[in-house]
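Notes for the one structure printed next.
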């Protein structure tokens, strides 16, 4: 309550709290009075007491997410397991592949390199969110077919992005893990539809998303039935111009302390520059991430999208080996080649 | 180019530039060499020269948007005109109404107050994007029907949000202006579908959207056929905890200098507190905004959503009068009651 | 407390709170327990209970500043009054002048224009904080002498920046108001020394300073004896690249609601572009600011520092008139010419 | 130049460029004209061409720092070497000790633990920058004396903060490395005085400092004669409320690519929570940092300052071992115990 709140205002707030069956705990200090509302956090928030006369501010004490919380699984960690390819709960996984599916050849070539290097899953974009409507928007359905062939060829599970609820059936047919891009983190209709498919999801943090909002977005998916969501930190918007985004390395231990869901890092998009990908990937592994998702390309200079941040396939095996060494050092299980 | 770039690298970059029919202009300085690429900016960007050996960084000189640029209409400003209710190009407009359509009574009551106060258009949410899946998500179709009645009653054009491409037909039937929420600013499928309706749009800036990205998002809509898009600054995410968002007042003159589209301000969401709405609205008018979009409620304390930031309807007429006074002072035409 | 906090941990925290003479109020909810610490906020903060076993997080309820708070003067507003030149408490003031004192002629010419236009105080930098050690650092002592002459000539109070405690005596001799630059907002030694002079201060918000930190910085000055501090919002660092800084217009009503000190706006540094200065200045006046501080130059193109943001002196009188009109419209008293 | 720039404006800009002895390179494209200014970057910047008629914007191509650039030492890395205790150029160092010197016992006890654990240097604050003027401000001179004893006892070099130029002589007597706090990164007088001492410096990045500004701040020190500056990333201000600051892990490879100076990480202040210090420290080592600076305390719960982020001394040896393992894995030389 404000310092000059009247007795009536205090009483009125307490009564409001009690209308929803919660208890109101009044603590009078020398300077100001604090009212504790003990009951269902949703309902208390619904009262929007910020607006009540005499109220200074409202501080939520409980967390607003449930299904994604560590408590929900009593401390047990979720392992995303697609046909034995595991990420989370002690398993460190690398999801590799091209940013964009450009052609059958480029995709199959990259997929083979990834497979040989020992990645856990294969990534590739058929539908691409682009800032400009004039940029290449991905191969769409044709891209999905190419990914299906890459899976056939390598046996690796496919991670690919769903942008529109119109494409959900088509994507579900090919994808083993459905990716939600950063710009869609709070596209609630998309999250809900993905949750209904029951497929594992890879949810990227929005450019201005807080960690709590990321967990709330996961909650939208989990609420519909899906049990496996990977949380992906990919860099946030800050004032620093030297990199495209600022990678929030602290997100790894913070999220792991709040949630049972695996936490992975996308170093390619955060850095925006190929030479920064290895140090950031090593850092992620050392910080305890459950995995990374990285881009590779047989000829980055000719890539149709995000070439500057893709690792050349010829350096990919060495890269995977280095990152896995760090993950093993801190006690993670990595995929044996 | 980097300081240690070789002659071969410089030559190679110049050749790449020329493969797309652009000219390469090589300026050799004492310390480093700069290559100017003169041609279609899209195609030059497509080369992704950041990745080429010897390149230090690429600086785009041209703007990536076209249809939303001031040049496109040769300096003429767009006036959004719905049955004579005008915003933009010298007309200052106030879009008022409830945050959320909660009931017929609340909506009609608010609509009448808004009409009497002299607003230009009526706002109201039937589909509500909420951070939590457990929060009230809006009345949906029923809310649209209520808005239709509010229009019948007042004759005011309706501004309402579209969240899912599934609901486009239903929303188009009622909405005179289709609103895109901040979290959907880069939901490109939604933007494209809205562009196809040909209806005017009100596009909110994303929480981490740059002004250039906002114009690119408008470009997605304009490209499909819609000619009228209002750009709406509603506060961005910064480190400051005292307000929900930081309202970027400079966005008004910046956007007006870059684009022919009207620029409006949403003071309610930025501030998150009712008492901050009047000073920010006055500021927006004084800075030359083409309008504001504000929330009113007959009983803010019982509002189902965002009550703390809604103006009580009893203070609304006075509020509109004050804001209009400022707009008139700087030479805008305001709606006569 | 954490959800899994033990009885012992709860008891231990309560006991700690009581060691400093505060009361501990234990509220047990269904899910978690909240302990209210009722006593001196400084001492409670000193316990650093975040570190205690079982504690989830600590939420301060009281404000950490005292002398700068609205309560301290029981709601009365501070008017900074230098020989009848007033800012604050209903008086709207314009502080104008060159960014940097470059020469006697340029300074006197600008000062005369400012005087004729009706500014309240004269600004001018003798000591200049520059990002690069290779940039012009100001005329120093010579600059102060020039300012003294400008004061003699116009009778206007002088506002000038103090950068180093070494120069305090010299600056105090000339300055009527001592300016603290944004980069020195948390240079606590400098703040303390300024407070000891007893002179009014103009304190700029740091590039990443919160409003609470700005008030705490003012507290450092007030604590030493100075009673008059003007708080100055000059734009904060955000991700938006279109302007040098993002002006936080909401800072005006927020600070005025928390503090008795005058709140002024620096539109020149925030915008970084001359054409943006008038709309932002009008916005500041409309939002209820107590004043603005702006840069003028007889020949901005040849200015030694920040020329791009200085208003040409030939447009200055018109500018002052426009801004004052807005201030008068909302009920402020402006200086009569 | 702007799209509508006239021939005269283009000519006028070119002439200005030539007044300072630089060459002007005019490239006319289909849409707009670009003028390249080839000459001394300082002088070109001094022209402030942003203000010239017809100019759209100015893009600096050269870096504004010299002495801190990688080129300056032709790619050779600086090793800070205090009596054989080395950081940089392949040597990974840990700087450990109490946040604040509270007493002789606490400091000596912590120093011994640090020594035994194998740290490279000893940190400890005698002068403490505090947000509130009412908080404990450090023991001052007495604290310096205690640090001198800790050095005597352990033989470890001392790293301690200088806040005021008044204290420079006293601090120089005890400090082997002079620390500049984040809030003083752009306190140019302080930087200059430190540079004059010739002592190695540890320069923390400001809360809103860009990496380029950090290098410019180092330049202020280097310009006066000091040759050894350690750059320290300690977290920046972002919108994310879950941590005190967002640690910018990408700063490590970026700074190492731009400068010859060692780059170290302060995980304690960024995280603000003890449990986050180990994962972030491991991440820093894996990303290639030249060292870390961390806080330890024999009894963190009773610490006078920043207790929640200090590691208990009993866990310190294990912590150092783990971090060193990661550093060794990527090829760094660590201190042998």
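A few comments on the model shown:
Order of writing sets the labels: A, B, C and D. Residues in every chain begin at 1.
Quick note on the criterion: contacts are C-beta pairs under 8 Å (C-beta built on N, C-alpha and C of every residue); 3 or more make two chains touch, one makes a residue touch a chain.
All values reported here derive from a predicted model rather than from experimental measurement.
Between the chain pairs A-D and B-D, more C-beta pairs are in contact across A-D. Farthest chain from chain C (centres taken as the mean of C-alpha atoms): A.
Taking each chain's centre as the mean of its C-alpha atoms, chain A lies 31 Å from chain D.
Averaged Cα coordinates give chain C a centre that lies 27 Å from the centre of chain D. If you average the CA atoms of chain B and of chain D, the two centres end up 39 Å from each other. Shown for chain D are the residues in touch with two or more other chains, namely 208, 236-239, 241. Across the complex, chain D meets chain A through its residues 208, 210-212, 236, 238-243, 246-250, 252-254, 257, 270-271, 275-276, 279-280, 282-288, 325-326, 329-330. For chain C in complex with chain D, the touching residues are 42, 45-46, 48, 50-52, 64-65, 129-136, 163-166, 183-184, 186-189, 192, 206-208, 213, 216, 219-220, 223, 236-237, 273-274, 300-301, 303-304, 306-308.
Residue ranges of chain D in contact with chain B, taken from their complex: 3, 25, 27-32, 34, 36, 38-39, 59, 61-62, 71, 237-239, 241.
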